[in-house]
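Both complexes shown next keep chain A, but they swap its partner, so chain B is in the first and chain C is in the second.
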Partner chain A sequence: MAVEHPVTVPSGDQTRIHNIGYRTYDGPRLGRSYATRSLYSQSLRGAYGLGRSVKSKVLPMLLFVVMCVPAAIMVAVAVATKAKDLPVDYTRYAIIMQAVISLYVASQAPQSVSRDLRFKTVPLYFSRPIETADYVRAKYAALASAMFILTAAPLIVLYVGALLAKLDFADQTKGFGQGLVSVALLSLLFAGIGLVIASVTPRRGFGIAAVIAVMTISYGAVSTLQAIADAQGSSSAVPWIGLFSPVTLIDGLQSAFLGANSAFPGAVGPSNGEGVVYVLAVLGLIAACYGLLMRRYKKVGL
Partner chain B sequence: MWKTGAALWDLRVTPRCPYLWSLMPMQLCGVTTGVVRVTTVGDVTVIATESLSKRFPRVTALDRLSLDVGPGVTGLVGANGAGKSTMIKILLGLSPASEGRAEVLGLDVATEGAAIRERVGYMPEHDCLPPDVSATEFVVHMARMSGLPPTAARERTADTLRHVGLYEERYRPIGGYSTGMKQRVKLAQALVHDPQLVFLDEPTNGLDPVGRDDMLGLIRRIYTDFGISVLVTSHLLGELERTCDHVVVIDGGKLLRSSSTTDFTQTTATLAVEVTDTDAHPDGTRAVREALHARGVEVLDSQSGLPGAGHILLLTAQGEETYDVVRDVVADLGLGLVRMEQRRHHISEVFTNEDEQRKEAVGHGS
Partner chain C sequence: MYDPTVARLTYRALLGRRRALILGALPLLLIVISVIVRALVGADDQTASDLLGGLALATMVPIIGVIAGTGAIGPEIDDGSVVYLLSKPLKRPTIIFTKLIVAIAVTMVFSALPTLIAGFILNGNGQQIAVAYTVAALVSSIAYAALFLLLGTVSRHAVVFGLVYALVWEALFGSLVAGARTLSVQQWSLAVAHKVAGGDLVTSDVGLPTATVLLVVVTVLATWYAGQKLRSLTLAGEE
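== the complex of A and B ==
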């Protein structure tokens, strides 16, 4: 229908507004939930630079490749050496690659929300049928989904590779399932923290730096303190210290409930009782991030 | 006055294929055809407010404002901080009123905000465009955000961008656009979902004279050709005079005046006459004044501060015969008659008078 007719477009004449006959729209208007879904899909595509400039695609795509290549190499090694097990557990993979994941969330959370603030696109969204809550949910869901794609893709590579290498099916499927639950929680937690930080600043560079700082400094501080506690012989303090950084939270949670080997010093993860605290802390943080975002956008309006 | 269910119907005066029509060169000359949507005037209240108030802890932004706005182009005038933006926010259902009620297109702003925003377009005053996407990409996205299915969103985007005058450049990132082009994209995103009403907040801000003229023409066409009612804010009265059917003036959150533009700019009995000079009469204006005086037609004091008043004779027309007298006098003197026209009020004059009256009233009151 919307065929272009170059005849109506005299080149070089940009100063006149031509009447080309207005057509009204009598078709369906799909309303609020459709608009929210549109914002979700646009934000999800945007998180990988799709629909944006070539420059915006470089970093997310590069990080995606960096996430998947080690998994592919591990699979190749496992197949070639006919190993009995994969070199790395499904649950461990994201912990090893945490720097890449942190970098991704640091680059894409500001892309998702700081841009709308900086270029004042937010008021345009709120002049549409969506409400504040819809905007927050769509943005949160989109970044969490993008991170899930980033973290689950290498697990799929590992799983497919493991099956090709004819490793034990039940064992691998169980590990794969545990890995997926773990990275789902990780995606929600990281996306929430990233968005809360990014939504405070309209400056993208500042947002990137702040997210990286929060992720790496908290992890650095926590793992150093854990190492000191372990060296001092007070290993019972190690799991409690682990509550204070996003990466160690996920690590502790999955070693308590998802059969992972802890990356904590001494490889001693939290006990089941302590694990419950970890679960509560993770869920509480996710809820708090959502609540903070809602509060933030109540103020941003028109 | 609180009517729901606006009666709209389409009056199609277009050939079967609108695109065949769009190929015809006459369209390029601005000949108006296409689809005309006629809204029943007088039956419909597009915007209605009743004792609408908005109070912030320290400021009263709107103070018991009661207003009825019908179809057409309505200008909303007021100084900065007069309550224009607050009013648009309330009308979009984004900010609750402290008191009173308001309806837009027969929908209550307090309870049916989402439904209103589906049928209404909004063009903000400030920049609101991301620089790294193309106009097409952005407007398609905003169309979908208004609830249009993907295919319809793309079609309407192509149409709307052409209507606002963006052609090949619409595929380039917005970051490289001029202010005029950006304003057009902002307007396109407000029109893309074919709303019944658009709020345009200072649409001519930052435009050069040509761009301003184009924008004003386009705003006029939004109603006359597209059938979409317009509420446009501005602080430039000359612009409103040219584009609006109706002008609403608010100040300090209160309604100062609401009347049709013709009421503001009604013709007066004053006649403006301009003549040429000749060798015989080096000061033609003066010669005509004296000759008119001799024939019993008094010329008003031309030092009224009106532009070009020095060369223009202002006189009160007593009737048709005054025109003949002026013609004869000028012809007898052998001068050229450059113009003879009925003076119109300018909106700004009305405001100046009203402001003074108001200040006096306030002065007496205190």
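== the complex of A and C ==
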């Protein structure tokens, strides 16, 4: 008679992981800062299409050339006519070329962040040692650097040309320095606004349109209102209206502190007191963009 | 030629979720600005014409046109879900035509309607300005939607090219080179508006017959070619 022996269940956990002989990784672990730097350099290269397909190189390179060619022509004219001064101030150049700069940030900001959202690669980044703040900082720094390269390159062309034309060295260097500070602030501001808008939508096309709409519509609205305020004789309102679009913010800031001639109607920029408000507004906007990006990626990373 | 299901899907893609809010923000801004201007300046025909011409017709209509025109088909091609639509027993030109109708309707509602409202706020339709610019916005909506829908089928970077056309060609070159103005949807629609308004506040560089012919030709040709492109569409992988 078969006695059914109850299966004795040994106490304790039965599960175990068999060591099947894979080697563990014992190379160097490069850590968080290395990963952040890699993300930065990849994003910066990506902003000019380097390391991507030929098709995606066309637009950023084209915009870069379009930015630099007028500067080269101005230099050529200045050298040929032996002019005493460059036809355009260093600080004015970016304001004139604002359409190109807006197009660049509109096309590259979504390229930088929207694709990560659409293909859901953001969680993969965060499974590496980097943190939310690292991702945001790397992307922000990369786009701002790319914009700085775009806006500073024509200034370098102008400066080198001015020195070759034997214009006054001290005067040109001062103007060049002021121009660099102005485009650095412009790069940070535009990159921040572009990234905040682009990080909301996974659709690249929609992101491009949204960024360009914010840039051009706000400029169009502000300059229309300024022109009307100027024509109505209330010129004191002109600087305050200028606070509401990125381009006029930079314009007002540099005409208050960086010796630029304002492109505002009536060519009257903000006074020093109003200029402080402009500086606060620009820095506040940059900080706000950073904060909004951090908030966005706190959520989206999970 | 018109398929209600495709139309419904396209409407949902264009206006679904929060997108309608973003599309609605631009017209709202125009109306807010008109209220401010009316409060500052009072009713003035020249100001009204400048604002409607500079902000509404030159900036807002093309941007809405780009969003609606390329948005009607671009994202579907981009993420490959267009194959499910193409595999249905529907003629490709029918799909394009339906999407065109939807894009035109969306562009008109979000650009022509606010233009009319803004015109009435600015000067109460004095000298027919509000109606003239509304007609211009309606006419250019059709041409822009057809043009940008074609771009959406041709290129993955349709939005950028559309914006380059609208902002660089029409606005920048148009103000520098007179010849560029002949080839600009904005000027063609202004020619129609000129006919409506009659006065010399609304002017165009193009004659009305030329403008009408060009508008019709561009719209028809773009729609036909978009249908042809869709017939031989190859789905490329992500770059």
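Methods note: the second predicted complex is superposed on the first by the 275 of 302 C-alpha atoms of A that agree within 3 Å, B and C clash if a C-alpha of one lies under 4 Å from a C-alpha of the other, contacts with A are read in each partner's own complex, and residues count from 1 in each chain.
By definition in this document, a residue touches a chain if its C-beta (ideal position, glycine included) is under 8 Å from a C-beta of that chain, and two chains touch if they have at least 3 such contacts.
Keep in mind that what you see is a predicted model, and the values were worked out from it rather than measured.
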Which of the two partners, first being chain B and second being chain C, lies in contact with A:272: first, second, both, or neither?
neither
Which touches a greater number of chain A residues, chain B or chain C?
B
Can A:224 be said to touch chain B (first), chain C (second), both, or neither?
second
Output check: A:38 vs chain B and chain C. Expected answer is one of first, second, both, neither. What do you get?
first
A:56 contacts which: chain B (first), chain C (second), both, neither?
both
State whether A:205 touches chain B only (first), chain C only (second), both chains, or neither.
second
I'd like to know which partner A:129 touches here: chain B for first, chain C for second, both or neither.
first
Looking at A:23 after the superposition, I want to know if it touches chain B, chain C, both of them or none. Which is it: first, second, both, neither?
first
Chain A residues where the chain B and chain C footprints coincide 52-53, 56, 119
Using the touch rule from the top, collect the residues of chain A that touch chain C in their complex.
52-53, 55-56, 59, 99, 103, 106-107, 118-119, 203-206, 208-210, 212-213, 216-217, 220-221, 224-225, 228-229, 232, 234
For the chain B and chain A complex, residues of the former touching the latter:
10, 14, 18-19, 21-23, 27-28, 30-35, 37, 85, 88-89, 92, 94-95, 114-115, 117-118, 120-122, 124, 126-133, 137, 141-142, 144-149, 152, 154-156, 158-159, 162-165, 167-169, 173, 189, 193-194, 210, 214, 217-218, 221, 225-227
Touching residues on chain C, where the partner in the complex is chain A
19, 22, 26, 29, 33, 36-37, 40-41, 47, 50-51, 54-55, 58-60, 63, 66-67, 70-71, 74-75, 78-79, 156-160, 163-164, 167-168, 171-172, 238-239
Touching chain B in the complex: which residues of chain A?
1-5, 7-11, 14-25, 27-32, 34-35, 38-39, 42, 51-53, 56, 115-116, 119-121, 123-131, 301-302
